[in-house]
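What follows is a group of structures, each given as structure tokens.
Look at the two complexes coming up: chain A is in both, with chain B in one and chain C in the other.
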Partner chain A sequence: MIQIRTVLKVLDNSGPKTARCIGILGPPKKFATVGDKIVVAAEGKVYHGIVACCKVEKKRPDGSFVRIDQNGVILVESNGKPVGNRVFGVLSDRVKQPEILSLGRVKTI
Partner chain B sequence: MRLEKCYICSSTVYPGHGIEFVRNDAKVFRFCRSKCRKTFHMKRNPRYLRWTKAYRKSHGKEMAIDSTFEFERKRQRIQRYDRELVGRTIQAIQKVDAVRMKREKDYYKNRMKQANKQVQKTAVRELEKGISLIEPDILRMNEAVKARETVQQGVAMVERDQLSGSN
Partner chain C sequence: MNSQIRNIESAYIKDNIPSIQIGDLIKIGVFIKEGNKERIQYSEGIVISKHNAGINTTITMRRTLQGIGVERIYLIHSPKITSIKILKHFKIRRAKIFYIRNAKKLKEKI
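Moving on to the complex of A and B:
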């Protein structure tokens, strides 16, 4: 459940380490979750971002719940192209955008 | 679908139960219920919690090392689906399970043998300490036994007399 003013961890190597959510794209709603596009502000610049993982439990089709330990975002330009070219850490399996999945993955220690 | 074990108590987590927690280092922890999940977040070590299998195995209460456990290891190699292989595997699982259960039972029996000795020792000590509490009952019992013996002897004598009398 990401909302305006939420500070998310930037999971790619685009530069900034954290980004603050300043808006949620798409049909009007209060909360964004994994896979949604949001507007973020990072180091004085405004980007779009795709929520990559979310602390709140997500229900899986088999009925089980998954919880990830951080709120993460991958910075993306308005046309959808990712700003960085490597992704660190944990991505939720709900992230299905091919531009994100095609980025190089580096597992954090 | 794969049945996983709970990280804390080692019980099976069936589909639709429990929570899977993904830590930031990408390590996945599965919990069967909130009790286990909460102990984990309290940073408790399952090896020191008496109700977990980890404790029981590390303290020798349950069989921890056995060749039957080798069969259940997860293999990283992907197996091509083969109907016959699946059938044989299922039969093997049943056999291995039966052997393992028998061995676990024997392990428990062996462990409890020592316990029996301990129980008897404690019982003897308790008897020595508390003999005064039950002394009157013991005396009464001894009297009753003696009385019963006397009666039985009397009855035997009477029967003998009757027999000799009739003869």
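Moving on to the complex of A and C:
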């Protein structure tokens, strides 16, 4: 449940360590969750981001839930291209964008 | 629980599940499908909570992946769960051990 003013951890090597959510893209809603695109501000600049992991549990179709200990985001440009070229940590399996999964050695859970 | 619900559920409840306690280190095998391939994925972790609800009994399993804690809640009577094996048991004096989420050193907390 990421909302405006949430501080997320940046999971790639684009530079900033943390980013603050300043908007949620797509149809109007209050909370973003894993796999959603959000607008973030990091080190004075504005990027888009894809929420990679979330502290609130996410239900899977088989009835199980996953909960990760941090709120993480991967910074992307407006056209969807990732800003960094390496991704660290654990991502959720709802992150399906091939540009991100191709950044090598990505661990999805 | 209502006996009628219990009668319907009894057809689907597994009887080969070991008795899981809080503080068990378990290895759970889950049936997953990647594209066209089907395989069993094993994962280990500590049971930190158990919710008894007949066929909807769930356990919460916590493990650490690449320095980050991951918790998974499983419905143990699900057909996707192929095996649950208890590797070790830690003596715990609580029903839910959520305090280990703040543990810097897990061994001290357990």
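The rule we apply is simple: the second predicted complex is superposed on the first by the 105 of 109 C-alpha atoms of A that agree within 3 Å, B and C clash if a C-alpha of one lies under 4 Å from a C-alpha of the other, contacts with A are read in each partner's own complex, and residues count from 1 in each chain.
Heads up, the rule we're going with is that a contact is a pair of C-beta atoms (placed from the backbone, for glycine too) under 8 Å apart; a residue touches a chain by one contact, two chains touch by 3 or more.
Every value quoted in this text rests on a predicted model; they were computed, and no experiment measured them.
Steric overlap between chain B and chain C is present once the structures are superposed on chain A.
In the superposed pair of complexes, A:5 makes contact with neither chain B nor chain C.
In the superposed model, A:90 makes contact with both chain B and chain C. After overlaying the two complexes on the shared chain, residue contacts for A:81 are found with neither chain B nor chain C. Within the superposed three-chain model, A:30 lies out of touch with both chain B and chain C [touch as defined at top].
Chain C runs into chain B after superposition on chain A, and of the options 44-52, 62-70 or 98-106 the stretch responsible is 44-52. Comparing the two complexes, residues 53, 57, 62-70, 89-90, 107, 109 of chain A contact chain B in one case and chain C in the other.
Here chain B touches chain A in the complex through residues 1, 13, 15-26, going by the rule given at the top.
By the touch criterion stated above, chain A contacts chain B in their complex at residues 53, 57, 62-70, 89-90, 107-109. Those residues of chain A that touch chain C in the shared complex are 53, 57, 62-70, 88-90, 107, 109.
Residues 65-75, 78, 80, 101 of chain C touch chain A in their complex.
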